[in-house]
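Okay, here's the structure, questions in a sec.
Chain IDs A, B, C and D follow the sequence of writing; residue 1 opens each chain.
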Amino acid sequence: MEYRRLGKSGLKLSTLSLGSWVTFHQQIDDSKADMLMGLAYDRGINFFDNAEAYAMGESEKMMGRVLKKKQWDRTSYVVSSKVFFGIHGEDNKPTQRGLSRKHLVEACNEALQRLQTDYLDLYFCHRPDKETPIEEVVWTMNHLIQQGKILYWGTSEWSAAEIMEAFMVAEKYRLIGPTMEQPQYNLFERTKLEKDYLTIFKDVGLGTTIWSPLASGLLTGKYNDGIPEGSRLDDKKMEWLKNNILNDDKIERVRNLQNVADELGTSLATLSIAWTISNPNVTTAILGATRKEQLEENLKALEVYPKLTPEVKDRIDEIMGTKPVLPMF
Amino acid sequence: MEYRRLGKSGLKLSTLSLGSWVTFHQQIDDSKADMLMGLAYDRGINFFDNAEAYAMGESEKMMGRVLKKKQWDRTSYVVSSKVFFGIHGEDNKPTQRGLSRKHLVEACNEALQRLQTDYLDLYFCHRPDKETPIEEVVWTMNHLIQQGKILYWGTSEWSAAEIMEAFMVAEKYRLIGPTMEQPQYNLFERTKLEKDYLTIFKDVGLGTTIWSPLASGLLTGKYNDGIPEGSRLDDKKMEWLKNNILNDDKIERVRNLQNVADELGTSLATLSIAWTISNPNVTTAILGATRKEQLEENLKALEVYPKLTPEVKDRIDEIMGTKPVLPMF
Amino acid sequence: MEYRRLGKSGLKLSTLSLGSWVTFHQQIDDSKADMLMGLAYDRGINFFDNAEAYAMGESEKMMGRVLKKKQWDRTSYVVSSKVFFGIHGEDNKPTQRGLSRKHLVEACNEALQRLQTDYLDLYFCHRPDKETPIEEVVWTMNHLIQQGKILYWGTSEWSAAEIMEAFMVAEKYRLIGPTMEQPQYNLFERTKLEKDYLTIFKDVGLGTTIWSPLASGLLTGKYNDGIPEGSRLDDKKMEWLKNNILNDDKIERVRNLQNVADELGTSLATLSIAWTISNPNVTTAILGATRKEQLEENLKALEVYPKLTPEVKDRIDEIMGTKPVLPMF
Amino acid sequence: MEYRRLGKSGLKLSTLSLGSWVTFHQQIDDSKADMLMGLAYDRGINFFDNAEAYAMGESEKMMGRVLKKKQWDRTSYVVSSKVFFGIHGEDNKPTQRGLSRKHLVEACNEALQRLQTDYLDLYFCHRPDKETPIEEVVWTMNHLIQQGKILYWGTSEWSAAEIMEAFMVAEKYRLIGPTMEQPQYNLFERTKLEKDYLTIFKDVGLGTTIWSPLASGLLTGKYNDGIPEGSRLDDKKMEWLKNNILNDDKIERVRNLQNVADELGTSLATLSIAWTISNPNVTTAILGATRKEQLEENLKALEVYPKLTPEVKDRIDEIMGTKPVLPMF
């Protein structure tokens, strides 16, 4: 396994990590989670990503049970939670979501209980909250660090300006700013990482823990011939994702990308993940594998990404047509 | 229910909330409190206001028992306490009242015990204390936040200059300033909210949790024909309140206001509460209802306040004659 | 009882308070301490002074036992400790005395145990420590406040410049400076309070808890005819005090002062204490009474001090010849 | 015993102290450690040095057991740990070494358990970590101080520039900077202490706890006739040390130094230790003695070092040829 520093911090994460989006709990059970996490850990993965909102807290509970059973040294891995959406879905009460000090503190305490641990290594603001001042967020995250309940805090899907404001507030009040951001990044979504955040990477430093390196499975090619029964997109709740994925020529581009994968002697999924981690501003790409073979296949990305020469990347850019244009000045 | 942000903070309170002035404990028992809080919670009220001084701590104890019995998720509501008067009335010793660090810390610990909770969402300085420097207050409130014993701190019945000094001290020492003020605000008392605090609302941000939207019952019209037996004002201890209420032409104006209520097809009390929450600088108006019907009637203010057009408000201003005159420059 | 603010803080101490110098433990037992503290508390005294060094910790243990037995509301009184000398006398190891962070923290924890309480209201640096930077002291005191182990910190027998440096360090690092100083102040020792500290009283604010208002008993007149058997000065360990007291014409002046006491119809001791608290920069004078009658006699100082007119004070100044000369500019 | 202030701090360490490099655990057992620590303590040594990396944590466990058995007053001695290398040697995972907040916090908690104590008096960064920003280190050390888990923090084998940056960061964020550095310092390694750190000693203040005053035993003269069987250098793992020691004319110079020792009527080891503590910028020299006689012999350095007149020192400089040349401006 390869390890990268989380931004300018001293924490090192494995370049590939294991996440638990809706998949954990809903699609798999404890024994499967145990197998997947065990395999990941044995291969050197040291970051297990989670969030209060994943399966309404059930995903964290499952991960907590597995971690407890495994009895790995707590110092040998990194576990995260994210706060924003609450765990009650549409029945959420107004104090049970967002980034108010009340929700940040209460959600942290609840995640610690679900994950059965004394502290979170990483704690993310799962979304920006237009109705909470960033000052309140930075102050509260600092109190949680002081109390020993979290070690590093970060953001997810925040704009570059919002992240910069968090740094500015930290500087003003002499507090600890965000260490990392969890953006979506894949061959279809490149703007934030390759354009918006560039100034932050260069001038301040920011780790990134990438979600959806496979664009919700689209980049595995599994939807190339329609939506397979039982796949994530076959789920009624995922209708929005389905529409987003299939409403343009995306499938066509994925088919063309298959040729590049063939030439490199790898799968489409592995190529896509390899492409993601070939960006040096990526700290880790979070895998959402639910099967053993899938996870093993995904891990090959570590061997594939050194093969992505400038020429190969140019061809990929041409096929995808998603490379962001940078301003001339 | 409608929810509003508490000033510039990320915390959202229901626009109407339930308080417990002298009424709790003295006028009602646990079962009645249980019924009232249950009704309020079911209707979406998420803020229960309290103070060490209400019924010498008994009000907090009762609320603590009800909250424990209800077993609502602690994250779904907001509970407050206030510190200043102590719980021993005239027998208070000098260290047991005011805003010294000793009393702020000790009163907080005691309120947590009475309310049977690990933290107060809101902690108010119940009055300004001319004999404690505001620095000592801001520092101590920050320590309580750091220790996780309170989430937000605020003031009650402080002057605009005192609140501004608290912000200034927070800015100087890089601490967290007050989030909210609890002023009296009703058709008879308008100066603070509509004149004194305007600069703070605009330039700094301040939530307000309004007490006495019905002017101690005067605006319900129940004293229009004298003081009913068994009403709050019939209590010997409330003599001061009684004199204050009945010593001028207030009753006359209330009678005239009845016409407006009639035209809007609502009660005088509901109209008065509706008028209070029609001010956008009000976060929440605290209801002191002690009967089910009363609380239900009060809650109708949410439907009435959108009917308060500029024209209706002008008529009310004319009847009451309490609209503050703003300085020309 | 009369109460005064401790400097600019919000804490109010009784103008007379009860201390426990060497007297506690060595000269009295638990039942006597119980009686004296009970009497003091009943008369409105709310400050009980102590220090790690008094009787090598035994004085704090005794006070802790009495306070536990009394079961007074912890919020109704103020208890102090002081750190510097350690509790092992000449066998002290170098880490067990002074004002290093190690000793400040360890001595605080030990005093809390001896006094059987969760926090000290006042924590004094018993002497300045030339071998510890004032920065280290101010930082550590602030940590103890943050941790809730102490409420206010102060100094004892520090020079004006040292106290000012503590304020400067607090200002620089945005910390909480000292609230009070415990100096000796009596008709023989007037320079610090009436000259050295004047700038601090005026420009920054500082409470004072006076020790030795009776100049180690000299101002009671009890040594006017030699050293009585069994009195404090008869103790071998008090040799230094004895020499200091009797090596000049002090006794002569005390005899002359008796005349003033006679004219005011009070005792020499009461007059001397009254004179001490007549200085408005004195917050409280600590009484070292070991007998009931003595304590009751001392308490009369509250009635006597209003009788100290400028004329009476001038006469006293003349007799004593200890009034400090202030610089002209 | 003689005691010196640890830099500008208020903590006083014995000029000679007892360390536990690889020797503890591997070379000695509990009863021997008990005897050595007992002897040291009786002679006035008050500092016991340790580190997570020494014998992979076993050295701290042994010290913890001995300290528990001894039941010395916790306030009478100073115990340290150091963080950087982790306790798993080459199997260390990336989060289990270095100076990230995660490792600093986790290693501290683990050291406290191994040493069976509630706080470390001194906590050292065992090496600089080029992959962790110094900001992260200073912040985390301050949080550990605030939480009461450590009293003072310092560095070991950091460059002058790195130490200065730590002070600069502390100044910027108004935090507590490092108090001490643990460098190697002996007749062969003089540059850091006598040249690099001079500005820091003079302008900022820094305590030093010297390791290897005997240059890994070379300065005892025991390798003068080759490597004795069973000595530390005979250990396979110490191959690197062996090569470093024997690859030049060091032995020759040690033999010449023997003459000076003879003239002063002391042993080579004692002379070397005496020479180390004759530098006033040395707070304490850590002895690694594993036998009673050795420790007693080493302790004589306290009597020998006053005999090191400028003339003697000049002769030593000439023999060793290791005196650093200071820049002219």
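Convention: contacts are C-beta pairs under 8 Å (C-beta built on N, C-alpha and C of every residue); 3 or more make two chains touch, one makes a residue touch a chain.
Bear in mind the structure is a predicted one, so any value in this text is a computation, not a measurement.
Listed by label, the chains that touch chain C and also chain D number zero.
Least-squares overlay of CA atoms from chain B onto chain C yields a rotation of 90° to the nearest 5. Judged by shared residue numbers over all numbers used at their interface, chain A and chain B contact each other through mostly different positions, with under half in common. Per-chain Cα centroids separate chain A from chain D by 44 Å. Computed centre separation for the pair chain A/chain C is 62 angstrom, with centres defined by C-alpha atoms.
Residue positions of chain A with contacts to 2 or more other chains are 146, 174. By the document's touch criterion, interfaces exist between A-B, A-D, B-C, C-D.
In the complex of the two chains, the chain B residues touching chain C come out as 93-96, 98-103, 105-106, 110, 129, 131-133, 136-137, 139, 143, 146-147, 172-174.
Interface residues of chain C facing chain B in the complex, by the touch rule stated above, are 3, 5, 8-12, 46, 73-78, 121, 145-146, 148, 151-152, 174, 176.
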